[in-house]
Amino acid sequence: MSNRKIGEVILDLRNISLAFGGVKALTDISFDVREHEIRAIIGPNGAGKSSMLNVISGVYTPQQGEIIYRGEHHTHTDPHAMAAHGVARTFQSLALFKGMSLLDNIMTGRTLKMRTNILQQAFWKGPAEREEIMHREFCERIIDFLQIQPYRKTPVGRLPYGLQKRVDLGRALAMEPSLLLLDEPMAGMNVEEKQDMSRFVLDVNDEFGTTIVLIEHDMGVVMDISDRVVVLDYGKKIGDGTPDNVRSNQDVINAYLGVAH
Amino acid sequence: MLYRENGQFKTRYGDDQQIFPILQDRWLVMALIAFAFIGVPMLASEYMFRAILIPFVILSLAALGLNLLVGYCGQISLGSGAFMAVGAYIAYNAYTRVPGMPVVGAFLIGGGAALLVGIVFGIPSLRIRGLYLAVATLAAQFFCDWVFARVAWFTNYSASGSVSVPTLTVAGVSLDTPQSKYLFCLTIVTVMALAAKNIVRGHVGRSWMAIRDMDVAATVIGIRPVTAKLSAFAVSSFVIGVAGAMWAFVHLGSWEPLAFDVNRSLNLLFMIIIGGMGSIMGSFFGAAFIVVLPILLNQVPAWLGVPISTAMASHLEFMIFGALIVFFLIVEPHGLARLWSIGKEKLRLWPFPH
Amino acid sequence: MGFFLEVVLGGLMAGVLYSLVALGFVLIFKASGVFNFAQGAMVLFAALAMARLAEWLPELLGFESLLLANLLAFVLAALIMVVVAQGIERLVLRPLVNQEGVTLLMATLGVTYFLDGFGQTIWGSDVYKIDLGLSKDPLLVLGDLFEGGILLNRDDIAAALIAVALVVVLAIFFQKSATGRALLAVADDHQASQSIGIPLNRIWVIVWAVAGFTALVAGMVWGSKLGVQFSLAILALKALPVVIVGGFTSVPGAIIGGLLIGLGEKLAEVYLGPIIGGGLENWFAYGLALAVLLVRPQGLFGERIIDRV
């Protein structure tokens, strides 16, 4: 649960429908996210959770519905605009830049904040170098936070999966987001790694006040760390509320949680 | 044992971010540069300058330019010859039509024109990639071939279709000896290589590599594919354009459009495949390889007492090129540059086995 | 009007030749997703083989019949091409099987250079003839409708007939034979076909063999019309736009794309050339391909390319 005081609605999704050709990924989905809260999206595979994140981050444009972020309409937008407005995300299938080192991957998260032009970069001495060092300091703090210091110069392709997941998170954090979308951050992790990652997520929310939306399959994690939960099934919303509410919702139990025998 | 970072602790980020953070590397590079600028002019013969050194220096720059686009930004280009042509012909027109135009000024204008053409021909990369982009760049290549052959303005209405420049004068010094030509080219190439390395280690270079590695993730971080790709085309074409102007003015002296046809494009591509894509140093390795190989092929059989005809040598050259391309792609896609870093890694342990 | 028809027919005939080369591309791409830049070099190699064998065999075996020489040369060249195609598939493509398209493209570029040099080393580098025994007198048809009649080359007619025959044979092969159907399955979905027991490697071996054979037919036709010279390797550069326009995965697309480009080239050269300046032929195909790429990247008949995140 978030230690922060939960604020006003920061993201409002109204009647979102998304289809690919004939396949309906999302049908008439509405829910909101409040500032500083940790909101989980759960549901069986194929329910449309990743598509939902893609819609929020601007990768997909919904055929119907509205996205209102911080009071502004962002329905017809692109990923760059959402990034510029402080929305960052991680990926289910780890979209790291395999050809670069860990440090460089995290530094790419600072791109929007780097202002020097190509000519200044070509010359290097002066503004370009100063800017590079300044952002390097920021990224090093993230690296400290995620405890991945020894690997900063290693090409990310060579790191074990758990560490790669941390780099993905680090890159998103480097953007100093106000809204952080996490797509199955704990997939493929063992119990200890999940505890570490849960701790990181809670710390991010605690220290920086970042609003977090996360997709997660581990019910234990979801119940432990989230303030509110949205449940999707076959592209439709079948539950919305606190973890306890959702846990006892019969539709959710039938579709996803199963009954205790 | 010799090659170790023991005791080399960096206390400031600025030190860590240097181009050659390891002391031994820096000494080696300094020594190489000193040798290149001072030693070589004293030792090399005129033949070596004309046949090996000057082509190597200029083509390294062209390969470097292509590497920025293909190796760092991941955009395939089979039309680099066309950009060299633009650089050469526009530089030529600037030099001959504008009275008092300095040589370097003409080069920069040629590069600038290539930059603009590069941006135009980079536009398809915003919608297509891979194979399809390769086709688009071939279209650019053939179109430019045609333009420079047909539109007489570019060749100053020369009857034969070929153009030439007289002996160049730079800052009052006449470039009439091989040494002077070599040093002139080497200076330009060193400056531009340094600038390229700086760009590549900063945020522009990182956004190029991000687009290359995973462009969807790059957009989500806030990198605009349009900006990244077109800037890559722009910088790459500028460098290739300047290299083209240098190739025409300094190495060839007189030339016709065929000098920059699709064979030249493929030649440059092979240089970066063999040398190492995504590596500035690799561009130099690749250029050296491709410049030296035909000469070896011509000389070695004679040394071994088995003379072969020039036609046969040319066939052998093709066969060896082709086989090497395939070999490198299979065995070491990062080319000679990777072999070099692996070698250095081993050197850190030497003389111990592990 | 008669002249216009001649230009049209000439363009279509040239287009047939392009289609023949493009067919090889499409076959390989359909089955393995690899764009075989070396197809042009394979055409050249095949043509060289056939031309020289047709020369050498009568001397070696001591007979005179042109027909027999051509037949034997064709069969032998076909065998050689199958071996060459296998070699490419085994030595170059298989080690690179999971790489991206661009790497494979560059690998086939390497193969092109290699085949170019190798072919000229073995078969020689002069210009050779493939003589199919057709008279060189052109046919004059439709003399009643149009004044003077329309000039048709017998070579071109033969080429068109051979192309049609090849397409028919391929169509029958794909539709009727078990191997052919397996090929279509592989083209559709590698993993699904593997899961029903289709041996992927064997299929690729067959596909490359067929592509080698197609290269021979194309080489024979081109060589008979133009003479076998190394510029045949530039064919790949001509056939590439055909595949872009027609669609990488479509056999009818290769045919129609070829005809369109052949026609367009000729028309542009004859009617636009005097206005803009000659040599339009050299880049018309690529200009058209570029336009198609920007408007409809999958070509006229290709499958839509969808990128999933």
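Just so it is clear, A, B and C label the chains in written order, and each chain counts residues from 1 on its own.
Just so we're on the same page, contacts are C-beta pairs under 8 Å (C-beta built on N, C-alpha and C of every residue); 3 or more make two chains touch, one makes a residue touch a chain.
This structure is a prediction, so every number in the text was calculated from the model and none was measured.
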item	value
Greatest separation from chain A - chain, by CA centre	C
Chain ID, smallest distance between chain and overall C-alpha centroids	B
Centre-of-Cα separation between chain B and chain A, whole angstrom	41
Inter-centroid spacing, chain C versus chain B (mean Cα positions, whole Å)	34
Centroid spacing, where centroids are CA-atom means, of chain A and chain C in whole angstrom	50
Residues within chain B bordering two or more other chains	216
Sites on chain A at which at least two other chains make contact	59
Chain C, residues touching no fewer than two other chains	309
Of all residues in chain B, those that touch chain C in their complex	76, 124, 127-128, 130-132, 134-136, 138-139, 142-143, 145-146, 149-151, 216, 262, 266, 269, 273, 311-312, 314-326, 329-330, 333
Interfacial residue positions of chain B with respect to chain A in the complex	12-14, 17, 195-196, 198-199, 202-204, 206-207, 209-210, 212-214, 216-224, 231, 235, 278
Residues of chain A defined as touching chain B within the complex	57-59, 78-80, 82-84, 88-89, 91, 95-100, 104, 107-112, 114, 116, 118, 121-124, 128-129, 132-133, 136-137, 140, 171, 175
Residues of chain C touching chain B in the complex	35, 91-92, 95-96, 99-103, 105-107, 109-118, 120-121, 125, 237, 240-241, 244, 248, 277-280, 282-283, 286-287, 289-290, 293-294, 297, 309
